[in-house]
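Once you scroll down, you'll see the structures, which are given as structure tokens.
Below, chain A partners chain B and then partners chain C, in two separate complexes.
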Partner chain A sequence: MPRLTRKFLGRHEVILFLAVIAISVIIGLFNRAFLSVATIFEILRGSIPYALMGLGILPVLLLGEVDISFVGVAATTSLVAHTLLHDFGYAGGIGGYILIALPLGAAIALAVGLISALFRLPVFAVSLGFWLMLYGFNLFFISPEMRFDLPLGLVGFYNHFLIKVQDPIVGETGLHVAVVYVVLAAVAIWLVLRHTVIGRGFYIMGGNREVAVRTGYSLVKLLCVAMAVNGALAALAGVLVLQCAYKRFFDPILFRGAELYVIAAVVIGGTSITGGRGSVIGVLLGVVFVQVITRGLIYLGVEPTWQQLVVGCMLVVFFILTSLRARLLGGHPGRSGLTRGEGK
Partner chain B sequence: MPTFLRVEHISKRFGGVIALDDVSLGIEEGQIVGLVGENGSGKSTLIKILSGVYTPDRGEIHIGDRRYKRLTPIQAIREGISVIYQDFALCPNLSVAENIAIARWVFSGRRTIHWRRMYREAERALRQISDQIPLDIEVGQLSAADRQIVAIARALLEQARLIIMDEPTTALTEKEITSLFRMLKRLREEGIAVLFVSHKLHEVKEICDRIVVLRDGRKVYDGTAAEADIRDLQVYMTGRVVEPVQFAARAGEVEGPPLLRVEGLTLEPYFAAISFKLKRYEVLGITGLLGSGRRELALALIGVLRPAAGTMEIEGRPVKMGNIWDAWKLGIAYVPEDRISEGLHLPCSITANVILPNIRRLAGPLGFFNYRRHRGIGERWRRELSIKAPSAETPVRNLSGGNQQRVVLAKCLATEPRILVLNSPTMGVDVASKAAIHRFIRELCDRGMGIILISDDIPELLQTCDRILILKRGRISHALRGRAVTETELHKMLMEG
Partner chain C sequence: MRIRSKSRETRLSFSQVGLAVLERRSILLLGLLVAILFTFGTTTPRFLSYPMFRVITSQCAEIGLMGLGMGLAWMVNGVDLSVNDTANLSALTAALTLKHVSHGGSVAVGWLIVSYLIALLTGLLCGTLNGILIGYLDVPPILATLGGMTLYRGISIAVTGGRAVAGLPAMVAVVGRGTVFNIPVPFLIFLGIYAAMYLVLNHTAFGFKARMVGINARAAYFSGVNYRRVIMSVYMISGLLAAAAGIIIMGRTRSVAYEYGTQVYIVFALLITNLAGVTAGHYGITAAVLATLTLQILSTGFYSRFMTLPGGPFFNNFLWGLFLVAVLVFAQLLKRLRGKS
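Let's look at the complex of A and B:
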């Protein structure tokens, strides 16, 4: 293979993009309705919360840490914001929610990061505790029930589109305005990770901690930045999902279990669970990939009870294919351990 | 040449241990200085003082007309002192260019990355010493030699005037060592000084202008490389004349088929057409530089790697091995080269480590295992090999390197092998334990075992082996009688293309 083609095909994101297209076409062959502008917009709409949370978890994973508490952060912050605003008789739009939820989310996640840094614990361990704590807090202190009492300013937000289309099957639909938040977050994180010295610190820390420290990076600082971003974006996802995606109420157990989907999507996007590898484009593609599969299964008429099984199988197959491709292109060095450390 | 750096009367102690004792040493610009010494001689303490990691208790460091009581890591870098560690300290997930240039971007206080400029900077540094390595490839895909070049390029970009290299040849093949030496000579021409830290005397003598020997924290030798004699250096290093182990070759007297007969063993790309015989009462040395296939050959002999072609016979009977359990059953035991990761369970006791290979045999009929009943086994081996530990229940982690190696030996011997394959058994072991292990190898041999000793320690091979095979690019290039060659001859055979 010529070098350029090899390099191009060597990029995980390219393969993923091609896979998304291929799967969409295959589903489209069975059900023409799948290949429509309306479906694309629906998939994008469904991707919004996952994409936000995926972008948030990316810097954490780059450091080689794993967090699952972000879903709890999303649930708590959105519910707290709603309760507060409701008690004050707020009648405005999404702005008030974001103003409260975002800093609160950043603060809670920061606490997770600080505890793990202070006591030298893996973030994962601390986040397990926070996951339970946050959902427990919601059910016990705030409200064990879903809350449908929306402020006036939010009515109609569900159908607030950037671009409108008429679809023969679903009627009027379009590209939801909340996509803007995803684009803004993605661009911001991409700029930081790719073009700033602190952003490169995440990759260096994930690649070799000793080098990073010797170069002058501080793990605690980077972890705090990562967790704050993680919490803020999860909170954003929490308040947006209620209005733009599939729910129009506030839910104390919002996203419970979704952390696995988010992490799966991010890992599909080429992010390494052990740190040092991952990109913004990869995260976005990974999220879309999972959405295409889940939605595609509906169009293929797979019964909802079978969906998780099928999605799970597809994930395993996808990971096996990725590993085979890496071996074929010589991308990652072999991990057999038998020829460790001895170059060609 | 003007002096670049001088350390004067440096001392450093850790608790009650004196790591460095009144060491003075000067390095001239464009000079390659070899720093040699056994483990614990103070080499690494000196490196860490020069790079600003440790503060000396006494003494001064002079660089140019500046005088330091101590250096901080930042000062060391500013003064142009750069250390290339054994693991090269690189990020495998980042590109060559970023690995070379990122530290400079951070130190110069820049906040944003200008990728094109970064690549240009990295390119300028890298092309001074290599025009092979692409800038945009991930470092994790490079060979050890190329990674070392990247690390040197990073030092050059940081305007290094003294590059300290810690055991730079351990991970390199013969060709790569030759090209490293060429590179060092080119750096020398540009006035860059190199402190070449190594325990391989032949290499040090070959490349260095001057040699400094440390022993027990003191400088015991300092002179030009041309005048240094390797035998003398060895004495300076170890502090005593190492008495060669006396042994009588008895293998000739043995009748019947050989203990092990290997015919045409092949596993591309590691080794090919390997044939040899091993008799009882014989120590067969196999040597070769890194990448010669010596490690893979060892793994094939114990059933971990499956050769693609060739046969093995034990006492005339052909054998086939699928895994290491098969090898144990046939009476082949293996002492791996990296005892920490392949040979021992560090948190477990001596007993637990020693009984592990026999655990299936010792377990009860239902597969349950009564640890307490077998405690005596550990105790027996502890005494037999005089392992220094309070009891056989001591976790292996708390033992010294030499004693850990004895536990690995005990573990292998507990399987009552006929053939023992040892891979670099004295790597990272102090002088006293080393001599003891050599004696022990001969002793086992005298009990009738056949021993294959894989090593790149030339004196070790000459002292303990009856015969020596040299591997090159996976093939046997020389087969020698152990007594028939000198160290210098053997070193030459190893290094020549």
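Let's look at the complex of A and C:
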């Protein structure tokens, strides 16, 4: 029993879950309003887009690459979908948006993946170029202004709940229906990563490229799959956030700067910073963790201008802790600083 | 058989001449520079004039200094994404010091120097944190400096509440807008730092060690080089250079804002590094300076071209993103071409 307990408590996800609870309780001690059902649902609602983007970036990080263009993909696809649908006089719901945005997002991200894979460039550098390009494209070619002209079918989507509760302060609130998309995406990614040959490939490729290539995996293929999934989920987050979270308009600079929060959440969720380790549950918990902290700060009366500082501190502290832990556990020999760059 | 091999030889030597030109990155860049100057000179009125020269040379220092730091990191298989935010944070510390000690818009020269030293110290500290994370804790450079970037920008936002710090004493403008013999001071600073970097990289033990670590850290380790310390020093220098860039920005704009340049300056720094052809263990610093000038002329040319358009700055950003991807691909193709022959 003690061995099992220790194994259970040693898991990163369990520690993170306990940390989320502990931090929530501490914030609740200072401000009782934080510990309410409405807050839980608000945090979940705010987590939806970040969770989708985090799940998307997970396979990319597993390969040991970093992408930041996904936020631009989300902005461009949602804006393009809206412009197209609006011109055709579309009055339906979210389905039409998803139908256009999802393939478009996958295609743009696939382009990033293909360019980096074929020319052996770091994904990060290419994605930085695309990041700038996509936001420039939105602002110059589509619309420099926010678009409030929503179709009739989307009106009321903001208050579409799965579970409804009455809160004394905010009134009727609940679990937003968009959470279904997160659950579907999480289950799908978990199944692929856990039970398919290609899914295991992400872990092997991130753990040791040489071994993976000799086993018969192709980096080009894996990277393309990872980036396509990344783009598709980012596009989904882009169309959903407008309706389920804070915004009720289409924004040419949607999520600009949010890439740091997403990467921070995924890394805090236990995804190895060198690739090869990470889990779906970890990503979801990491996203909730960042949401609890950033929202909790507001409940504690801290100015929102301090949020980025706190996220930055968390990232740096987390880097230090994981690195020290890896050193204590005697890390993987292939990960020591000496081999840095040799596989590049 | 004999003939075939001979023809191959001639073909090889012919392509070798072409490659030699391509490989001399400085010559390539100089050609590019002249071509761009010619294009803008003939199409844009009053492009080849003293005011334009002054604009270009006084602006190139800030991106150039960040680019030099980025190039150093690139040379040891790393990257420093925090250069721009280090620059802004360093300038912020100097600006706050100046605000504290100045009376009615004037400040003693001593205090000005003290504030510059504080800025440099801030840059050094930022660089040290990056260096510890990358060199000693083996955090991948992209993520480590992304974390550093978030942290430094976060500090700037938290301290200023997201507002710009303006109304600095007029004396700070000397570094940003002053001229000596009609040559802008920022450009002179840039050239001075270039000379110093050239000497350090090519004529000191540290420069040699840094190049060794870039080529093969393991081999360097077995030759008795403390590669961790070398990597940390590289990021410290990068932080110092960024702080110098921040001081120049503060002088040029007479204000400090956390968001100054946050969209394009990292792209510029990466472009300089890639245009200059910096690879692991190889850093042609003259090429980096030429790349900086090329980029700045291009940037100023674009600016005078598109700023009159509605939404011009956005189109500018779009072009820079496209340009970065194109340069990355081109540099890689060049490398592949060289590898084949």
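FYI, the second predicted complex is superposed on the first by the 306 of 344 C-alpha atoms of A that agree within 3 Å, B and C clash if a C-alpha of one lies under 4 Å from a C-alpha of the other, contacts with A are read in each partner's own complex, and residues count from 1 in each chain.
The working rule: a contact is a pair of C-beta atoms (placed from the backbone, for glycine too) under 8 Å apart; a residue touches a chain by one contact, two chains touch by 3 or more.
No experiment lies behind these values; they were computed from the predicted model shown.
Novice: Based on the superposed arrangement, let me know which partner A:221 touches: chain B (first), chain C (second), both, or neither?
Specialist: A:221 sits against neither chain B nor chain C.
Novice: Can A:197 be said to touch chain B (first), chain C (second), both, or neither?
Specialist: first
Novice: Is A:164 contacted by the first partner chain B, the second partner chain C, both or neither?
Specialist: Neither partner.
Novice: Now for A:276: first (chain B), second (chain C), both, or neither, which partner does it touch?
Specialist: The answer is first: A:276 touches chain B but not chain C.
Novice: In the overlay, work out which of chain B or chain C sits against more residues of chain A.
Specialist: Looking at chain B versus chain C, the one contacting more residues of chain A is C.
Novice: Is A:206 touching anything from chain B or chain C once the two structures are fitted on A? First, second, both or neither.
Specialist: After superposition on chain A, A:206 lies in contact with chain B alone.
Novice: Which chain A residues come up in both lists, the one for chain B and the one for chain C?
Specialist: Of chain A, residues 338-339, 341-342, 344 contact chain B in one complex and chain C in the other.
Novice: What does chain B use to touch chain A in their complex?
Specialist: Against chain A, the touching part of chain B is residues 73, 89-94, 98, 102-103, 105-107, 110-113, 115, 140-146, 171, 173, 270, 290-291, 295-296, 299, 304-305.
Novice: Tell me, which parts of chain A touch chain C in their complex?
Specialist: It comes out as residues 64, 66, 115, 119-122, 124-126, 128-137, 139-141, 144, 260, 263-264, 267, 273-274, 303, 305-313, 315-316, 319-320, 323-324, 326, 335-342, 344.
Novice: Which part of chain A faces chain B closely enough to touch in the complex?
Specialist: Against chain B, chain A makes touches at 194-200, 203-204, 206-208, 210-211, 214-217, 272, 276-277, 330-333, 338-339, 341-344.
Novice: Within their complex, state which residues of chain C touch chain A.
Specialist: Going through chain C, the ones touching chain A are 76-77, 79, 129, 133, 135, 137-140, 142-144, 146-155, 157-158, 161-162, 214, 216-218, 221, 227-228, 231, 263-264, 266-267, 270, 274, 280, 311, 314-325, 328-329, 332-333.
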